[in-house]
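Notes follow once the structure below has been shown.
Should a chain be cited, it is by its letter among A, B, C and D, assigned in written order, with residues numbered from 1 in that chain.
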């Protein structure tokens, strides 16, 4: 298997503002650093780079996107600061075949709401509750090797109604101590690209250090990646002629 | 709107064996009687009849099926005693356009597993736990007027993995005190018929007396019913010629 | 049944440019006029208004949208001229519960691509070929009373691959003389709204005068309309709190 | 990649009755032989065996099924002669994780209708018409390397309505000279198993000798195969306890 090229994007606001104050204890290299470390342990064939909002073009230049098989997106406080042109360029790469993993509060990111078309709103509250994550599609590759259930000792509570289009595949459903349920792992195909949304992971709890969660991210990366697929990016001027040309 | 003809089927074993002993307190007319009463209160245009396993042909003769727009199925202890020929005749009516509501432990009934093709197995345990039922498709007609969530104070615990084909529509997801989640309300189209599976409702707890649950059953009946549709029953000898003739 | 309030939107360019020259013969009142006439004949309980690109705010003011249960969209030459703010306001009404029918070349409209997230590109060529439209979901309300197949003597040829998300329901598939196939009738749920895309209908052929096509449009309007549903429009500042409040 | 163990099942009636008389010219080793040859050319890591209706237990003993990753099913004249116990045993293996490809007239086989629950009827006629097969899911692994469209010079005409549950994925749609359309390639997940139905292929036309068709079959085998998945067969006596134990 050839190298899998992964880019982990983080807005980096919790890191730069040192809020929450305790985060460096469990995420000494930031949220993106923790995610990247977990991927490295579970995907030895992956090369992982990270990118931040503060980088030029948020670190998502055309050169980077062309060299990215799978992009992970973590954002929370700064969705509005993400440049619309970068979002559009990312969207075009996803439609052209790049895999996308959207994490936790990334449900409100411009790239996710732009690709899905809905508000992607949900209910939330934070009470350090236990999340229990259940597999409802046990032979899906993303669930491979994942115990059923996975218990996350403390996590922000997300709840339905989650305003998304009906997923192509529903892989995980979570419950929380307060009784909420949430469709916590779902896949979507858009254009030539694959998308996996996965809700666990918050700046206040060391969820990305948990091996089962790392394994799910690794499985998700493997599933959205299509390394043999030529990237075919739609053009603005003539989307229908240039678009699925490789199929014609 | 013309009369909606509803048949509530119950195996009637908990009633005949007086097990659980306390059931007559909350279901004095049996499980089928409680369901029928609830339907009558929420669907004034419905005529409701009941049928039991102990009746000739289990009360599901060709005459009854022809005069049934929607059949509700409650079974638990006696799935194996249901005659295969009756099951096949019910299946043919569903494929021909009769609506079907499968309730609670009816997930293991012959008619449900025969129509879905899978084992329809699930996890269960009984600890009188609180079930919290959430709407995940808020504009679905079956969710009309239903508060989100509905709390059921005590109920048997059902849990994933629920071995069903991917539902055509997922309407409700439940959580339980112990942390389990369950796809508790789901629809399936099979042939010309519509099916709604709804899991709340157990012989040990007065769930069918709860107004929100009654309203969901009423909505479900309305949704699976196709009163204007000519019943077109496939024949054994020539399914393809006789089958969708009304479309041809 | 209360009045159904329908707005037929047309860019109106083929009318204003008198191209094709022969169009006034079969569409003397424009494409929107023909559509509106057909709706009136099949939906006696509907009040139908029309709106054009050239109107202030394209005729889609907040007042009009609030008083619209179902919006039909016909566009072809002037997608780029539709104001982004109007598109966003229409989108918010759809997400809040307004029904939307997107017709023919409207597949490339801003409102459709914005709601679906993909390019919505397809293959096309024009050779006045016969389109044969088949029902693949015969008990869907949109197919009610529709012969199988419907033959359209002359029509522009649309072909796969049609770059849309997997539809929630696929109702019609068409073939063309040249051998092309096309998913010509498909439904999508987005937020609280329902969308029906229907491809037959072109400025060069009198497709909207054909009674079966009119009946499909009428069925589609009935299906996407949710007249009893309170319109709940997401706000920019706080989408998640104001959004599904009626469910909470 | 480890060996992929494939079993090609054929009822063998067209071979034994020498009807059609010309079949030995294009299928000298029978339909099963042609299919097996094509697989061998496109899947060098596969070991292919064949089995016929006339074998003891139709060649589908427990030993064979345990050693089969993917079963292909070709039947036409003798569906009723297939033993119900064998069908049930095959079904249990599919639910336990064995892949299944159902071919052409196998839509009416006991195994397919038993797994899907519907009649699986369709329209058909035979006029040696051209079938044009289009990919509607161009990045699906089953479509990998397949030209769009594939033209089959002569084939039996299959047409909608095809009475199947909504497929999990629709990969191919075909048109025919007479104007019919047909959902000719569709996937279904049932239990732990994957199913691919593919309609081209008839005893009167050498469809299985066509390289693109062979490639689709090879892709389909690869897609339904789950070689690393432990086979977990549901038991009759206690389906829910023994069933998804490996996930618990």
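Structure notes:
Following the convention adopted for this analysis, a contact is a pair of C-beta atoms (placed from the backbone, for glycine too) under 8 Å apart; a residue touches a chain by one contact, two chains touch by 3 or more.
Just so we're on the same page, UniProt names per chain: A, B, C, D = Trehalose utilization protein.
What you see is a predicted model, and the numbers here were worked out from it, not measured in a lab.
Between the contact lists of chain B and chain D, the overlap consists of A, C.
Here A-D and A-B are compared, and the pair linked by more C-beta contacts is A-B. The centroid of the Cα atoms in chain A and the matching centroid in chain C are 33 Å apart. Centroids built from CA atoms put chain B at 38 Å from chain A.
The distance from the centre of chain A to the centre of chain D, with each centre set as the mean of the Cα atoms, comes to 36 Å.
Residue positions of chain B touching 2 or more other chains, listed in rising order: 135, 138, 148, 161, 166, 189, 244, 247-248. Those residues of chain A lying in contact with chain C across their complex are 91, 95, 108, 114-119, 121-124, 161, 163, 165-166, 168, 188-191, 234, 239-240, 243-244, 247-248. For chain B in complex with chain C, the residues that touch the partner chain are 97, 135, 137-139, 148, 189, 192, 194, 226, 229, 244, 247-248.
Within the complex formed with chain A, the residues of chain B that make contact are 130, 132, 134-136, 138, 148-149, 151, 159-162, 166, 169-170, 173-176, 179-181, 183.
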